[in-house]
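The structures considered in this document are given below.
Two complexes come next, and they have one chain in common, chain A, joined by chain B in the first and chain C in the second.
Let's turn to the complex of A and B:
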């Protein structure tokens, strides 16, 4: 099958790869680029564990055609920390026990980051709304909601 | 918010606890929040191949023929795997602990027994190439009648689902079609009771639905070994099962697990590892076998459905003097773990109550549904739901406060349980008291004063002087259930189970009669009443056959393996 060249920014650095036409972004990130942080949970847009940001907006990478990110900026959980310095959301997830098996966590973090980037002090309802497309089978969601609110309250400073 | 009621049982506990009651960070948390935790699929291999299965579209069908010639020629296809390619194509998970007969193939050979049962596996360069090839496989099925209900499945003449267990029930203790519990004399006590309260409870199967679907990657390693990354919750089950079915010694298998994207019991069945390794053996390449979400929901083994009938004998003052259970576990087409769940569940009866007369017959029933397996507290959850629903029914029937009814009948320290172990560290009374307080549910002061530490033992510590026992459900001609034995099928002189199809390659016992005590059905008789044919498997032929009447009481059993103690 024909391969197509795709160039895009991933967590701030340039990527150029060949992907089979019709590949989805999740496969290209994981198997093409080797960024394993976005996860496959359903491949049909129902679980949210593959969530990445494209130009700051949350996207389900399993339903995103890889070629549509040509020239765009993609963010994943692998790029959330700055070197050894964790992002406020990562600290807050740890402090609030917001992960058990951890499989939904990369998607949750991306959905939460999209929210905090555009709304630094969300209400509880807004947090719930922001992660409503992300399924967690382990935690029961409360610790995740608390973690996102705690990260917002810290304003990134507490962990800076 | 956790609340510690340290006033309870204060003298039983060292209160200088270092960890309990304080939050402790998970050791894998940093990996989780940085996206670096290594799940099975987070291992990249050059030249990775994918494996997908052609699955049965029927509940029950004989496989007349399979034609894979076109599929084999499809682009990207590396290998088409059939039943005959599997070194030992019959297994049961608990054979590793010597419990139950091998009854499930890796790939169906002669017939399919549930929708989604794998028939052919295709290994190809991409998943898409697998699906394209699968679409070209031609299977000629002869659709057979199927049965989806546990009680229908044990009626005479019901379609026989599982060739290893032709009457559709698992074989307990090498001789019974159900797991028995007998404690006291339930029938006599029911006759003395002021009220008899009956109930029927049904739960549905429940899919564990882990966020990560089940899967494994197997790759060739140096020195003729295989490395296997797997989502399994039961690494050594998977290792042992793979070694057995593939007939390789386990030191050639290097299993790496431990990072599981949610399991909840649904990742113990050891389905993926043997298949992925077989694909790897046959192609020499790394092979990934993982379910997509649809497969996870359709063929991932759920918590099995259970049906319970409970009959209680209750006195006017609320004391329950008799409790009788009849239970049916829907095991689906194969055993997996339902047989074990019943052993565990039976040990739990009659729930956290002290009842002097208890009996239970629990059947592990094969139907043409998806095989069932473990899920969080399986064996206990379903019957506890039934017991507690029934407690409410009893309370309303006799007009008693349901929490007081529970406190009155609660087990207490020192009481004899129906499985003949003394109860200790009981706390149901205290739980009920706290629940009543939190729910602002009024209970009488005498119930507030009761304690798990007081009033137990003494007479309540005794095993009943008389326990009514019976041989109901004895299966004639049954062999040993030990893994490794190949018992010869026992052929009765007058066939009494007409609907049993012959599957000569499968070790099987042939029952004397149907499992159902339906009117008109032939009566069950103890095995030894019939002349012992020479073809009956006898593991210790030098010992004289002992008539069943002279055996020790039937209530003696190993609670772990379900086998008679030897």
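Let's turn to the complex of A and C:
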């Protein structure tokens, strides 16, 4: 099977790997690089748990042709903490019990990070809009929304 | 199945490669094609794409607003030239989908998707295929399956004399992001208090976005008030063929069409 070399930045460090042609970014991250933080959910763009940031913008990694991120910057939940120092969003998710079964959490975190990076003090409506592409099948949206607002109030990047 | 990906610098090369292969599909933003790949679609083994900057342009050309087929919904929202379409683009998917889904791809989105295309249909847009002449969107949609062999470069929208004449609503069960029960787009030009050449289009009311021709005829020369639109509401579902899907039944879509059409025409808040 034909393989293509792909180089990109993942959470600030360079990656160079061979990927099967036509494979999606999520496969390359999970099987190629070994970053298991983005999850496979629906595979059709409905659930949002595979959300990663490409050049700071949320994308669905399961629908992103891997080779289109050549030379780009990709961020996943694995890059949120700095060593033992958790990101403000991770703290807030724990403090607000925002991870119930946890399957949607990586997508929620990345969608929320994209929001806070460009809008450090969002309204509740803006938070709802930012995570509108992410489904929580436990329906635990309120704690998630509260956590994102709490992270914003804590100064966003203070822990990060 | 082993997949091969061919990337071309020029859109014309991509169009030739697509035309030459029976087992190739063209990749725009990926939300349709990569989904098919993930679900094991065996009908194609080659993905064709282009990095041609022509597909990423938004420009006024004479009396036409030209939107490149590779422009994403987020780019439609961010660009001043396309500001009047931002309320439409905002109803497509969530933020991540809007960063990927393109204007060109939406032309091929199967019902109940394709809200942006419904808006383009009301706006009397034309579709520009690579190496070909512009075709009206009506005509393009009527032969959409056959047109899947075309690579679209851009869509052209005739300049609106009055931006306020354009109206759009997407009816969905979930807020803020939900799949369409139906969407309605309308251009309602007024001449001396009377409607002249109104265009009304529906999304999710048939296998593809469609014009509400009976509604348009019933609005001609009328005023935009309860009495003026009564006949249009009476024929609101003429010519539609709504799907029954997990979002809504054929029956339900027919029932609510006149309700939402009335609110849209009278400018009532929902």
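Everything below uses one rule, namely that the second predicted complex is superposed on the first by the 154 of 160 C-alpha atoms of A that agree within 3 Å, B and C clash if a C-alpha of one lies under 4 Å from a C-alpha of the other, contacts with A are read in each partner's own complex, and residues count from 1 in each chain.
In this text, a residue touches a chain if its C-beta (ideal position, glycine included) is under 8 Å from a C-beta of that chain, and two chains touch if they have at least 3 such contacts.
Since the model is a prediction, treat every value here as computed from it, not as a measurement.
When the shared chain is aligned, chain B and chain C each come close enough to touch A:43. By the document's definition of touching, of the two partners only chain C reaches A:24; chain B does not. In the superposition on chain A, contact of A:128 is made with chain C only, not with chain B.
In the superposition on chain A, A:60 makes contact with chain C only, not with chain B. Shared interface residues of chain A (contacting chain B in one complex, chain C in the other): 43-44.
Only residues 31, 34, 36-44, 46-47, 49, 76-78, 80-81, 86, 89-90, 93-94, 97, 99-106, 109, 135-138 of chain A touch chain B when the two sit together in their complex. Here chain C touches chain A in the complex through residues 2-5, 7, 27, 30-31, 34-35, 37-39, 47, 49, 74, 93-97, 99-100, 176-177, going by the rule given at the top. Taken together, the chain A residues at the contact with chain C in this complex read 1-2, 4, 20-24, 43-45, 48, 51, 54, 57-60, 62-65, 67-68, 111, 114, 128-134. Chain B contributes residues 23, 25-26, 28-37, 39, 41-42, 44, 209-213, 260-264, 292-293 to its touches with chain A in the complex.
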